[in-house]
Amino acid sequence: MDEAGWRAGARCVFTLTFDVDAEAAVLAHGRRFAGHAMTMSHQAYGPEVGVPRLLELLADLGVPATFFVPGWVAERRPGLAAAIVEAGHEVAHHSYSHRPPTGMSAAEERADFERALEVFADQGIEIAGHRAALWEATWRTPELIAEHGLSYDSSLMGDDRPYLLTTSGADVVELPVHWSLDDWEQYAFLPDPHVGSVIESPVKVLEMWRAELDAMRHYGCLFNLTNHPFLTGRPGRAVALRTLVEYALECGDVRFDRCRDVAERARADRALPRRSPEPPDVDPAVYPVD
Amino acid sequence: MDEAGWRAGARCVFTLTFDVDAEAAVLAHGRRFAGHAMTMSHQAYGPEVGVPRLLELLADLGVPATFFVPGWVAERRPGLAAAIVEAGHEVAHHSYSHRPPTGMSAAEERADFERALEVFADQGIEIAGHRAALWEATWRTPELIAEHGLSYDSSLMGDDRPYLLTTSGADVVELPVHWSLDDWEQYAFLPDPHVGSVIESPVKVLEMWRAELDAMRHYGCLFNLTNHPFLTGRPGRAVALRTLVEYALECGDVRFDRCRDVAERARADRALPRRSPEPPDVDPAVYPVD
Amino acid sequence: MDEAGWRAGARCVFTLTFDVDAEAAVLAHGRRFAGHAMTMSHQAYGPEVGVPRLLELLADLGVPATFFVPGWVAERRPGLAAAIVEAGHEVAHHSYSHRPPTGMSAAEERADFERALEVFADQGIEIAGHRAALWEATWRTPELIAEHGLSYDSSLMGDDRPYLLTTSGADVVELPVHWSLDDWEQYAFLPDPHVGSVIESPVKVLEMWRAELDAMRHYGCLFNLTNHPFLTGRPGRAVALRTLVEYALECGDVRFDRCRDVAERARADRALPRRSPEPPDVDPAVYPVD
Amino acid sequence: MDEAGWRAGARCVFTLTFDVDAEAAVLAHGRRFAGHAMTMSHQAYGPEVGVPRLLELLADLGVPATFFVPGWVAERRPGLAAAIVEAGHEVAHHSYSHRPPTGMSAAEERADFERALEVFADQGIEIAGHRAALWEATWRTPELIAEHGLSYDSSLMGDDRPYLLTTSGADVVELPVHWSLDDWEQYAFLPDPHVGSVIESPVKVLEMWRAELDAMRHYGCLFNLTNHPFLTGRPGRAVALRTLVEYALECGDVRFDRCRDVAERARADRALPRRSPEPPDVDPAVYPVD
């Protein structure tokens, strides 16, 4: 095994990440939802009940995690980001408003990106990486990341191992995500805005993630798990997550890291593939629908 | 353990609640559905077949329950609420029409709220608590509850333990609900109005709720289960519910209560968190879509 | 046990029914789908591959079944209905066009209803019962059934045992159906017209139906199973259905019947509940959306 | 057993097929998606990570497969088709643009069909068969296949064994597909364009396909499995596919073939049913919606 590589000798690296979307994920569908008391309380559960429970669980298990926090959420709850960092975890950039960049102009995306950085700067939180709202990055996103001196992105799905995105400045390390390693598709449900279909049992989710972890240990991948405190902060799901982490710890060949630490090792790893972040060239005659 | 607290010394409190929506849940989508004979019969099954079967099951198991009944349903079936109370259970406010408050003006919400109270007053049914139609409370809802002297609400999701909502009058006790503890997302299916996706097996639902109950025993929560007689009144689901209740009884540390009884203890519990029911402040420049 | 009742002394009656919708179920969404070759072949599989396989399976198991066939399908495949009857099974009325009555005027519903009867009369198929397309009966449907001398309907969901519908003529026996005892919600999938969500495993479906059968044996119900040859005629699902029937046969207290035979016994059973098929009275002030 | 038949003496033939849709499957929804970096990376994973992994897996297992590749994808990644053929597998026609033929005029369908053939001719890839984008063939499709000298189609669902489609030229062998033997309905998820609902566990999918394989061995069918490298190329799903193939190999009565080889034997098999590819005759008075 290559002790110097991004896996630092482990067969699989487990980055446990939490997207603390809170109300922002719903307000991005329409600010009228601010008047929907149940929906707001459903989202507020994340930072208010889920995060403390998960911090306790992480302390108990002794594993580090990365919390992607929208600037708007950090601003609204001043102590939140600091408490996460104090517990030894990483806080990372998750947009300001949780509106998807693919629906923004270049100027809007930049403004939203920079406003989040200002919030974290004001709170003294040092930011090393970024995850786009809804993972809906544009091809401009890696440029913004490089321009502002961040090290990594975690929004794309081009591989199941870290890779490099070339930019006009420094390379950006991509720590790829995937729908199948996200609690949203398994647990999220709201009728309005319409989110989710059936709600899955943590028993199924645990089974699926354990099988994926085993397969990723076989193939030598990054198990980059995305959870949401308003979803996985709930009792039965938190217990299932604990079981998954305990299983990973027992494997003996799985390493837990904050995203920034993996990104740092990945950047130093000469074997990493490099990809250019650019759109495919599309002929309107072939694809007439815009 | 704190015998004086809201859990009265138990590790977990189980409030078994039934929303007797009947035809109202569908008519709220459009009164034209009154002409859809199958759909109406599907909903009528709730009070006509489901409720008697569930009352028998509750008597058999010796556990109390709370039935949230829309005023329109109680009015249309005069003996319904009385039969539930006579069997030792609680009847509570579930709107008049089952139209969601978030789609109403303040005046409409008040009128609907008060009309339900009149129905129950006419029938001599004493009401202590409220649950919004579709759980879609507004920020005005707690005020209405306090103003009319009710003790608790059970529509919000800000915690998994009871908490207090401040109002201009008395505090309202919130007994929080959640999508994952509702039979609707697991079993409901109608093509028009379009409701549900796949229909889950009671085997899966039982497994999921049992796991949640165990996790809530670990964390000391309120297991506030919402079932619908038109769904869980059906044979296979009623049998699964029986199995769940039997399991909870065997645990020895789970207490069954009517909602009003939990609310009363919760109100007296000084350790309860207090939350202000108010919308987040939302800047239209950040969230342009209304 | 009451040997004279509708259950004829059994604890549960199993009516195995097949809706032979074929292309009609899709053409009702738009006749343009006639040009979609895959979709048409998907539907044609029902009568062409599914029905022969299921007839063989039924012969093997020695159980009778009821096939609900749209008139349009019977007309287009002249030998189909006769082959079913010859094998000892019942053919019943399933509309002419498979368009839902709830979307038709009274005159249209009558014309569609009568046109199907003409097709079956021309083919010498004696019809005793009816099932509305998509189960979407109107309140007029029972009148049409009684007027044309049919004995039963199987479209409503007001109970899980047979009941009587009063009409201006003879009572109609209702053999109620339910979404949870239908293979459509478990197996159907088409992108356009959009049908279904996830495709379930026959392993899950078998588990769910076996649990429902056990519960219905406990409660003394009608296990009225609706399957579609284009769905359950496929290999893995046919094998699961065989396993379910074998299980029911082993129970020793489950009786298999054609629908017409259950309807006949139900009509003679004085203990049957009677319901009036009429819409709830709906105030436009309470339900403003039409 | 009939050694000369299409099954060559086996009880079941397993055609393992991969649709290498890549970005084309999404661009067909709108070329604006070219600007959605995450979505493009999600699709690029197929040819860039999934295909190499699957080729390695196939080599390991020693089974042949068929890769259906859109011309646009082959053109954009010049070495792709050649690498597949070099590894001993078949490359087949999967449209040029992955736009569904049912949404095209006759001239558009012909142009798209022929443009793909040109790409493969330019790359020296010999094409024997065709699969329509989204399986959405028209009734014209078999004519195009015959006219261009291809041997088989694999888009329709009229049977679970090969059958012949008559055309004005040579018969076309149909190797039928089905939704239940496709990884798309189990694993695909994208919010925009909206694809999928819940994401299933490979544990469930493996269980379902194993049961289908057993049933197809019983009935003597073609187990024609459709997988997508951007879905099943992911670690946990690739491992599940390996388990399925290993199970099939252990059965001893399942034969693996490229589609072209099955088509060749099927064409020589006199027992094959023959079907005319033509639309049902539809009366606008019966089906008024177009």
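Each chain carries a letter (A, B, C and D) given by its place in the written order, and its residues are counted from 1.
The rule is simple: a residue touches a chain if its C-beta (ideal position, glycine included) is under 8 Å from a C-beta of that chain, and two chains touch if they have at least 3 such contacts.
Source: prediction; values computed, not measured.
Within the contact network of the assembly, the step distance from chain B to chain C comes to 1. Matching CA atoms, the turn from chain C to chain D amounts to 90°, rounded to the nearest 5.
Where the sister copies chain A and chain D meet, the same residue numbers recur on both sides for under half of the interface positions. When chain centres are defined as mean Cα coordinates, D lies farthest from chain B. With each centre defined as the average position of its C-alpha atoms, the distance from chain A to chain D rounds to 34 Å. Here the spacing of chain A and chain C, counted between their Cα centres, is 48 Å.
Those residues of chain A in touch with two or more other chains are numbered 197-198, 204.
Residues 102, 132, 134-139, 141, 155-160, 176, 178-180, 185-186, 197-198, 200, 204, 207-208, 211-212, 214-216, 218-219, 221, 277, 279-280, 282, 284, 286-287, 289-290 of chain D are the ones that touch chain C when the two sit in their complex. Looking at the complex, you find that chain B touches chain C at residues 23, 27-32, 34-42, 44-45, 48-49, 53, 72, 76, 96-97, 99, 187, 189-192, 197-199, 201-204, 234-236, 238-240.
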